[in-house]
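One chain, chain A, appears in both complexes that follow, with chain B as partner in the first and chain C in the second.
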Partner chain A sequence: MNLAALEKLDRRWLFLIVGLLVLGPLLKPLGLPLGTSKPVKMFHDAVAGIPDGAIVLMSCDYDPGAKPEVVPMTRTAFRQLMEKRCRVVITCLWPGGSSLVDQTIESVANEMRAEGHDLVYGRDYVDLGYKAGYEAVMVLMGKGIANAFPQDQRANSTASLPLMRNVRDYSSFAMLVNISSGYPGTKEWVQQVNSRFHLPMVSGCTAVSAPEYYPYLQSGQLKGLLGGMAGAAEYEKLRGEKGAATKGMDAQSLAHAFIALCIIAGNVLQWRKRGARS
Partner chain B sequence: MNISHDLGVWIAALMTLFILSFLYKDNPLYKLAEHLFVGISAGYYIVLNFWTVVMPNLVDPLVRSFTGRDPVTHAVVQQVGGPFQGTIGDYRGWLLIPALLGALLFTRMISKIEWVSRWSLAMIIGVYAGLKTTGFAQGDLVAQAQGSLRPLWTGELWSSVNAIVFTIGLVTSLLYFFYSREHKGALGVAARTGIVFLMVSFGAGYGYTVMSRLSLLIGRFQFLIEDWLGIR
Partner chain C sequence: MKRELPLLMTAVIGIFMILSFFVPHHLVGVPADYLQQCAVIVVAFGYVLGGANALRVNLEGIARRQPDWPYKLVLVVSLIATVVIGLADGRRWQEPGTASMFLYDRLYSPMQGTMFSLLAFFIASAAFRAFRIRTVEAGLLAAAALIVMLGRVPVGDALTSWLPESIRMSAFQEWIMNIPQNAAKRAILMGAAMGVMATGLRVILGIERSYLGGGD
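Moving on to the complex of A and B:
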């Protein structure tokens, strides 16, 4: 193969190949094997270890730009919590995310109602929606959740919701489940809430931010971590579900293999050019 | 195949295709989608912040404090004391202060008095600098230093190897950023070892970034295939 020809290759061919490698497995799944990593198992076990019926804070800090990675995590985590009869208070610190979060939560709740679960909005779960202020909101919630969120996402008065009558501040929660795609997100929750209010915490995040959060896992500040679509797919596997993340993993694996080949080819080309020059 | 009859899905699908068309080359359809996105996002965020922040967190509590009635239901609200007898969580008329500071930000639009907006900005910067500094000190500096002090021998072979590699990586990476002496001799060896660890971390970061970006493409294709074309 003439490697020099690769140097002049129009990059649109690479885009086309990546596109086909992604499209193919989505139309015809290959069923490539999928393992489970320790951080994902820790996440699953930490949520499983929450006492049944406890109140959990779930902060979904993302917008539609990260939907393929974080929505599957939100779905699986919310379902796991609901199956444990935990009561969940949902917040969102990203302006573009509140509607998506509400839609996601409600679709899971509706699926569970269709399966025979008795779920009532306001009693079993509450969506407090979006609030501007980033870290200031986190600190304000420590003085009282209703201070920061006088109304929920559906414009109900927070005080009128039965679940919220049992919620005062962070001491009311057994755990914080944070699904994050950047700032504000896991890092800020660790800095402002986990370390100040000692609220145990797990995180699901986009792959691009996962390397930044591994030190928190190693130090025990996070009890579990889901990194990107792969983390979401492993979590689905542990829960015995086959959601959007699992369906996307074949495409993910093929495209990754191709990109790795491109990197190797690029390096070989550079070594050869350097050798020819010297 | 069961193509969607939802207008919203069609608009989203066409916008996705318009944006993806940039991969071939820049074109008017891409520009159209890009401008629509910027304009709609700006409008959406303004309206969202008005109804979810300005109204419930500022206007409604002020109306409640000064009129003694709930602004939505118009029912009489029981409140002990006057509009300025607030407590933590019930700030009442004192919310006029953040309202005023917020309004001062708009003086930037009038050149003669734009300097007044600096008072509000000073408040914002001061509060966030304080929050960030204390948060970093508690969440990162102290907790990470504690987390890094680990026994090298844990009683189990592989976790001990892990702890030793971790410690070597930590120390040599820190030494790489020590610039007060030339990187020669033992310091040079340590610094070069540190570069190896840093390169591994950059590689892991790159791999995760690739996964993130591919996930976005997969998500869009899943939307086009399942929601738009109805292939399941």
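Moving on to the complex of A and C:
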């Protein structure tokens, strides 16, 4: 094999291979078997353990950049909560994310309505939308949710919504389900709300931020953790769904395998070059 | 006074906010709530300031015909157009079918997705060209990276399906995440927390003044 030619390989060939490896399984799934990890089971069980009909806070702190990873877990978590007849209050602390969150929630609600579920906005779920202020909003919500969010995402007065009449502050919630892709997100909710107001919480996050939250999982501050698209796919499997995350896992598998191959190939080339020199 | 007054305000408000955490009395709690609301308003103003600053910097670049001025022009036009369309749509700008939502769904959302998708391509290229194992530590890092990368996705277990479940790739990656990774991350978190506390104290005591601008 010509080492020099491989070393000078045009990177556009690598781009092409990655593109094909991602596109191929999306068009024709391979159906690789999917397992379930302990943090995902803990997430599922924690949500399943919420008393039916309880009020749950769901903070979706992301924007469209992380859509493939966090939207599937938002969908599955919201569906699980709705099937338990929990009442869900949704917030967003990312300026670019509130519309995506609203669309996601509404699309799940519409699917469930089509299946015969009786879901009413304002009674069963409320989207309070975006509020600027990062951690300050989290702390402010502890003094009163309507205080921090006087209007919802759809410009209704928060106080006029039937569900919000039963919501005062964090003590009104049975659990916080946080789906986040960075700052502000899970870390800030743990620091400002979980440890201060003792609200039990679970987290779904991007794969890149998951390692940062493992200490919180081990300490019991997080009752469960979904890491990236893999976490979302495992959660879908536990719920018996075949959503976007499950469909994307084959593509992600092949992309990971190719990147691993690139690391190995790059180093083998280097060692052979060194061997040839000496 | 130009420096002393902000330093005094920072010290008084900083000490007061720390106090509010420990003293559950309304004489402390009510003003602390008010200050938190002020913080939310200040952050909201930060966006206005950020927008104005982006306009100023980019308009200057266009006026001076800097090498990348066409990109700056696109940015300025997009920024102004988004604000004008948002204002024209009014309070219901986030409802389906509005021009603002068209911009969000058809431009903002795909562009953000594209930016993040590019990472996959560049990571593959960097893995091939830059991830060189030259030391034992780099070798350990590479081995851990390979195991976690493959163990997180179904292909890892598919490759090791002939092994007992407890020593398959996913079990190894779970061990790496739970034990060595967690230990290192916890140490970093504790170090960072102590750093934040030290910086906070330095700011309150007026030792750290870089946030005032203009150097010490």
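The rule we apply is simple: the second predicted complex is superposed on the first by the 269 of 278 C-alpha atoms of A that agree within 3 Å, B and C clash if a C-alpha of one lies under 4 Å from a C-alpha of the other, contacts with A are read in each partner's own complex, and residues count from 1 in each chain.
Throughout what follows, contacts are C-beta pairs under 8 Å (C-beta built on N, C-alpha and C of every residue); 3 or more make two chains touch, one makes a residue touch a chain.
Because the structure is predicted, anything quoted here is derived from the model rather than measured.
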Touching partner for A:221 - first (chain B), second (chain C), both, neither: first
Chain B versus chain C as contact partner of A:267, first or second or both or neither: second
First, second, both or neither for A:34, with chain B first and chain C second: second
First (chain B), second (chain C), both or neither touched by A:146: first
Partner chain in contact with A:18 - chain B first, chain C second, else both or neither: both
First, second, both or neither for A:65, with chain B first and chain C second: both
Contacts of A:188 with chain B and chain C, given as first, second, both or neither: first
Chain B versus chain C as contact partner of A:91, first or second or both or neither: neither
Partner chain(s) touched by A:207 [first = chain B, second = chain C, both, neither]: both
Contact residues of chain A, present in both the chain B and the chain C interface: 15, 18-19, 22, 65-68, 95-96, 98, 129, 131-134, 136, 139, 143, 148, 207, 211, 215, 218, 227-228, 230, 252, 255-256, 259
Contacting residues of chain A [partner chain B, same complex]: 12, 15, 18-19, 22-23, 26-27, 65-69, 95-96, 98, 129-136, 139, 143-144, 146-148, 150-151, 157, 187-188, 190-192, 194-196, 206-208, 210-211, 215, 218-221, 227-230, 244, 247-248, 251-252, 255-256, 259
Chain B residues touching chain A - in the complex, by the definition given at the top: 23-24, 41, 44-45, 48-49, 52-53, 56-57, 60-61, 72, 88-89, 127-128, 131-132, 135-136, 138-140, 142-144, 146-148, 166, 201, 204-205, 207-222, 225, 231
Touching residues on chain A, where the partner in the complex is chain C: 9, 11, 14-15, 17-19, 22, 32-35, 37-38, 63-68, 95-96, 98-100, 102, 129, 131-134, 136-137, 139-140, 143, 148, 153-155, 207, 211-212, 214-215, 218, 227-228, 230, 249-250, 252-260, 262-267, 270
Interfacial residue positions of chain C with respect to chain A in the complex: 33, 36-37, 39-40, 43-44, 46-47, 91-92, 94-95, 101, 104, 108-110, 112-113, 115-116, 120-121, 123-125, 127-133, 142, 145-146, 149-150, 152-155, 157-158, 170, 174, 177-178, 181-182, 185-186, 189
